[in-house]
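Per-chain residue numbering starts at 1, and chain names A, B, C, D, E and F are given in the order in which the chains are listed.
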Amino acid sequence: MKLKKVDLSFQSCNSEYKEAKVVIFSSPMDATCSFRPGTRFAGNAIRVDSFGVEWYSPYQDLDLKDYKTCDIGDLDLPIGHVEHSLKLIEETTAKILADGKKPMMIGGEHLCSLAPVKALIKKYPDLRIIHFDAHTDLRDEFFGRKLSHATVLRRIYDLVGDDKIWQFGIRSGDKSEWNWAEKEKHTHLHRYDLETLDECLEKIKDYPVYFTLDLDVLDPAYFPGTGTPEPGGVTFKELLAAILKLKKLKNFVGADMMELSPQYDTSGASTAAACKALREIVLLLHQERGHE
Amino acid sequence: MKLKKVDLSFQSCNSEYKEAKVVIFSSPMDATCSFRPGTRFAGNAIRVDSFGVEWYSPYQDLDLKDYKTCDIGDLDLPIGHVEHSLKLIEETTAKILADGKKPMMIGGEHLCSLAPVKALIKKYPDLRIIHFDAHTDLRDEFFGRKLSHATVLRRIYDLVGDDKIWQFGIRSGDKSEWNWAEKEKHTHLHRYDLETLDECLEKIKDYPVYFTLDLDVLDPAYFPGTGTPEPGGVTFKELLAAILKLKKLKNFVGADMMELSPQYDTSGASTAAACKALREIVLLLHQERGHE
Amino acid sequence: MKLKKVDLSFQSCNSEYKEAKVVIFSSPMDATCSFRPGTRFAGNAIRVDSFGVEWYSPYQDLDLKDYKTCDIGDLDLPIGHVEHSLKLIEETTAKILADGKKPMMIGGEHLCSLAPVKALIKKYPDLRIIHFDAHTDLRDEFFGRKLSHATVLRRIYDLVGDDKIWQFGIRSGDKSEWNWAEKEKHTHLHRYDLETLDECLEKIKDYPVYFTLDLDVLDPAYFPGTGTPEPGGVTFKELLAAILKLKKLKNFVGADMMELSPQYDTSGASTAAACKALREIVLLLHQERGHE
Amino acid sequence: MKLKKVDLSFQSCNSEYKEAKVVIFSSPMDATCSFRPGTRFAGNAIRVDSFGVEWYSPYQDLDLKDYKTCDIGDLDLPIGHVEHSLKLIEETTAKILADGKKPMMIGGEHLCSLAPVKALIKKYPDLRIIHFDAHTDLRDEFFGRKLSHATVLRRIYDLVGDDKIWQFGIRSGDKSEWNWAEKEKHTHLHRYDLETLDECLEKIKDYPVYFTLDLDVLDPAYFPGTGTPEPGGVTFKELLAAILKLKKLKNFVGADMMELSPQYDTSGASTAAACKALREIVLLLHQERGHE
Amino acid sequence: MKLKKVDLSFQSCNSEYKEAKVVIFSSPMDATCSFRPGTRFAGNAIRVDSFGVEWYSPYQDLDLKDYKTCDIGDLDLPIGHVEHSLKLIEETTAKILADGKKPMMIGGEHLCSLAPVKALIKKYPDLRIIHFDAHTDLRDEFFGRKLSHATVLRRIYDLVGDDKIWQFGIRSGDKSEWNWAEKEKHTHLHRYDLETLDECLEKIKDYPVYFTLDLDVLDPAYFPGTGTPEPGGVTFKELLAAILKLKKLKNFVGADMMELSPQYDTSGASTAAACKALREIVLLLHQERGHE
Amino acid sequence: MKLKKVDLSFQSCNSEYKEAKVVIFSSPMDATCSFRPGTRFAGNAIRVDSFGVEWYSPYQDLDLKDYKTCDIGDLDLPIGHVEHSLKLIEETTAKILADGKKPMMIGGEHLCSLAPVKALIKKYPDLRIIHFDAHTDLRDEFFGRKLSHATVLRRIYDLVGDDKIWQFGIRSGDKSEWNWAEKEKHTHLHRYDLETLDECLEKIKDYPVYFTLDLDVLDPAYFPGTGTPEPGGVTFKELLAAILKLKKLKNFVGADMMELSPQYDTSGASTAAACKALREIVLLLHQERGHE
């Protein structure tokens, strides 16, 4: 008989913070979404529905229950305070890093990803970014704002600089963003699919790498539950295959998974996709170097 | 900075079990539903959405955060094992009672209510039952089963006997059930609304009372999120007024709130109604005797 | 063991045509809806969900299974052919009448009601019409058409003439319609609710009466599943009470129930309301004269 | 044949700005919502669905098409910039007032209401506020912010001062808010329903009055399409009756209607309610003084 | 004019039982679902929506209306009685077989498939099973139960033994299930897709074969309407191509199609997929040997 | 500050009619749909949601805002009057052509496509038709009607004759339709996918070409928001690639995009797909000859 406070951790990720190697947290912020907000509810939707997903990955032949993971839930972010929220996410990430653990963030809007990168770059100055997304997210400003879901990779660029960001699956953006990325070559932008990931991994596998996954890289057929559906994306099988390739990384230092918006996920299929992707990424974060 | 395991307790009901006076648990069972199942998800839906409800009740001028309540979450029920599940619920309730606390169960299908009554009747042999529902639930068997959501009040009757059960809001049932209740007078059945509750309370206020609330007593306009919508029910205001009258009880020993089925609650309004009703009932359970 | 063709009749209305006293049929036509179509699916939605409704009415203390009712299902209407469809409905009704049975039509759009009235007026030249609706439906033409859901009561008026139509619950219409009804007094139009029904019944109870129920007379809170939701309507309890008053009719010759649009009924509550209203009306049609 | 740019004005409100007496605009901002965002889509949802609502009000015996109303659509608000957005709304309202017209704002979140009041108070220093809402909205700050949907009436209070704000229908709030309003008497707060509106109107009918309508004053049965459903509210009929009483105002200077969130309005019934309320309010704004 | 009882048979499958070669029935049972129940409604959802699907298959150049198929509808299963329900399904199948017809079952949860296999194995002792699914379904027990949707293939294995079951599309299961199938080789388990079906058919084409299709073998993009969505599945084209290969079977003795859950199929696309798959399988069952 | 009437044109297509090269209009007609109506709402759904789509196409490296496009909105069609509606669409198209502009129609049901072809054939007697669809649409009559969504290509054939119509993606139809197309070779019918489009374009690129796109050519996974979902269709990437091939046309004289039914598009993904396809087609229409 269980007579303890309710535990709605993601799947079997119910270790205490102290003993965990990977720490899951969610960032319930969607203030700068230009189209349809709602991603703030993603964390708990994933927790509740994770009951429907097996702990064992046949793809990696690994089981979540064999690893120490702590899920600390939604951060207490001040609604509407973008700068303050980002600061809190950054501090949480910094603390997790300082405690020798790896951060796994669930979004929330993509802008949140700026905060973990800020924390990570201090510890790993030669950090590389792998970015899966439908959108360039490279505007310098959006509706007059420097901090927006549409500028987040540009802000990350401000931190890491040229030649550090590898973008995949991109199929939407303002013309100026494409030019900035493709003509001026500030980032490595691969259009429409994930096919050149192997080349990327070959080049950066020895560096510390942060993986930022905007789930709308998936075609809306596979992931309708998002604020800005952009047809023409990858299939779940393609995404899964790409994620599994991250095993080649020798220093996979953190990750996030963003932009699930449960209210547009009427069947629960998008939440299931997020759960499954999260299981695989957490398992990868638990692996120590050298799987090639 | 919060670095503890996720806490998705209902609202502010996050005391530890040991110090709590009222213990919330949910019973994720819906095996015998004859129409549309889904109530097993009610507990966590209520927990997640309780963020949208204030802790303070203007109706009672009381605040949930001033009381010690522990929410122990979903019980681990063996799916499809009706007898075994009921046994586990009964044992949990018995333990809560033995520890000097009051049980507050979230359903799950209405059959679950049999289990707390079994535990309570041992402690309180002269237990009375107040039952709000759209349905009689008085069949002696249903599809050949003794244990069914359609027989639950009959099974409770088997435990408590004549003149102990007060039913309100009833508007659907087999002819034989109406006869059994109204002609043979085994229960006090009040049709269609909650208007004679005062008389009932006057008669039973000094006895130990268990309150079993099937939320489908509400009209589907006010509560569409349920498996067996039965038009012609009460409004939320009428339900709320009736619940507040339970203050007159001098020995309110436990309660349940059943039959929210979140998948039919497309707007979230039914879950909000359940959250608000739960807040009021928990506050009532915390009051010690004598509010008349 | 049942080894016969599937039977999806409404509830227990599964008598053969020959032996039935009341014949249910549905008219899957929604061609002239000006706002949101979809009522063509109402008949089968009601059939499938009628499993969730009891056969016994506590309001009338009568049981559907004690009466001979045949449900012949959707008529085969030529989609988009308004005139031809109306002719087929009229012929079906005429045949049912010729066979000494009473017709109970499930809509479909309200225009369908013209067809049974055409058949009935031949048998009952002094037919009266009781009409529950949110909308006047009294335009002489709509988007240039004489036959439209917005003109149906005007077309019925063309058949029955002044002083024969009693309208209740009306709360929407073009100014000219209100004038035609209220100032020119071609119909008895009672605004907003059903409160003067008793007076009406007193006056027409000895005449043959057809009851045409546009379910959108209900407030959208109680009946969201319709194409033209019009806030400010009656509650289900008010509708039910009014329907039960029809017992006073000594010659209740037929009825219809229109405008359920299942695709807007995301919770199933509107379909449940239609099922329950249908049960009560069918029971009333089975009663022979004289219940006052 | 129409060969002009698409016109999706609300109903028949398609006058040019210059000739209009009342100007409708919508404020697509929902940045500070603490629970479920989405109200930014309300304006266009109302425009598109207004096709389903008649132009004629039987309640007022007035027809929208007899009045000059211009609908200028969504303001171009910088997403996430709360202060800047409020400034733009204020400037727009000020310009409308300067041009001798009356403003009718469609929300957006309730915080937007602060902006028209700022513009109006300059023109009408003795402005009174009539506020219909489920929530007190009187916090002095919320999650550390002064500008929030939960503080908007407190900010309005900062502008208008004691004894100027009349609140109705309130049924949710932090204990401190209730105390501030009811014990310290900074506002006139009427709990749960709209019943004392007549007294209020008697007292303020000669003053300039702004009416701010948070549609969640309606019970979620009548209005599920909102971010923070709060059961126990008024019916649509009650709201409509109260709105019609505003005819008594001799100086009705502007109004807003807030918090429709179309994504939770799966049946369209909430949008229909908003359309109908808007029709009545616009007609009232067009009436010049003196209808008592 | 049709004046017979309503006929809601699947498409044109409206032959009388006596003359039919293939008999469709549905098993409305979902008691052991561990995640989201609802499959009990699949049969009638398919019947009602089959109106939207052509009778002619361009893939097979065959027309359903040229074959004698009887649809006997939902079996009357005692809700919640798993053992009794399975017995009734088995008896129905046995009777169909005894009458020289082929059974085609619509689920319902996957556990139902055990019953037809029990009936078939008596007639065809060397029966082979082709199993399409996302899940292994090979647990020996689940939540302490031997009979569960998660154990159904293991129970079928108990009947047919080693080397008889061919599984395709599998992508989820407990580690022990994978080991039991792949390492201990009790079944032929093909991971993730349907690609080795040809080899399988080559080996078993001369044996009597039962085909059990859990529709969640489809990716949730193609089939969101199911209780346990498991991303990473096959496309509908891949499923269709695989089904058509079953023409090679010389003794195709029966089939089922399980786990459609209409309440998660908000667009109707999953039900349409089920209708189309059913059309193709029924046509295959009607073909006598020899299409290779 | 914008003080002009609301402008809800598709994306940046807000030129005045006079200066536009391409004219968008929508045809809100769905009277002959045999299964699920609702396409009449497509035009405005696309307009409202086009806010979520970028103006720039990375596929064509072109930007909508660099071209003059006028969106004249929904035509005022008489609801239910099929012949009259078609006449109005034809006249509008004829006027657009006479004014030297290109028509781009948004459906509405597919039958609407007959009207622009009637107008175009007068100007371009050797017009060719490229038709993407799930359905043959080649019946000579349907439910007794010559004018139906199921006969539209047959009626277009009556205008253009043999060897002029190229159909792609077709996967559903009555056997007689397949024979008429494939055996009698009245049209070029390519089954199931878009793969032989290159051959077609090679043959007809010098002729004037009208492109009629029934969006249900997409698999329902990619486009659930339609009245007659037909599994087994193409992916959005395949559709997009095919559309881009139309650059080879030297005389692309007009296009339509039909059968979006927003009420079945619960996530908005289908509307997003329509928006994106429309952007690409409009950009192609703006290109003058010679891109091969």
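The rule we apply is simple: contacts are C-beta pairs under 8 Å (C-beta built on N, C-alpha and C of every residue); 3 or more make two chains touch, one makes a residue touch a chain.
These numbers come from a predicted model, not from an experiment.
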Subunit C and subunit B - chains in contact with each: D, E
Shortest contact path, subunit B to subunit E, counted in steps: 1
Identity of the chain that, by mean CA position, is farthest from subunit A: C
Shared interface numbering between subunit D and subunit A [over half = same, under half = different]: same
Whole-Å separation of chain centres (CA-atom averages), subunit B against subunit F: 55
For subunit B paired with subunit D, centre-to-centre distance based on mean C-alpha positions, whole Å: 38
Sequence positions of subunit D contacting 2 or more other chains: 34, 36, 41, 219, 221-222, 264, 266
Touching pairs - complete list by chain label: A-B, A-D, A-E, A-F, B-C, B-D, B-E, C-D, C-E, C-F, D-F, E-F
Residue ranges of subunit E touching subunit A (in the complex, touch as defined): 34-36, 170-175, 178, 191-192, 219-222, 224-225, 228-232, 264-266
Interfacial residue positions of subunit A with respect to subunit B in the complex: 1-9, 14, 16-17, 23, 41, 44-45, 47-48, 70-76, 88, 91-92, 95-96
Residues of subunit C defined as touching subunit B within the complex: 51-54, 56, 58, 61, 63, 219, 221-222, 235-237, 240, 266-269, 272-273, 276
Touch list for subunit E against partner subunit B, complex: 30-34, 36-38, 40-41, 78-82, 84, 142-145, 148, 263-264
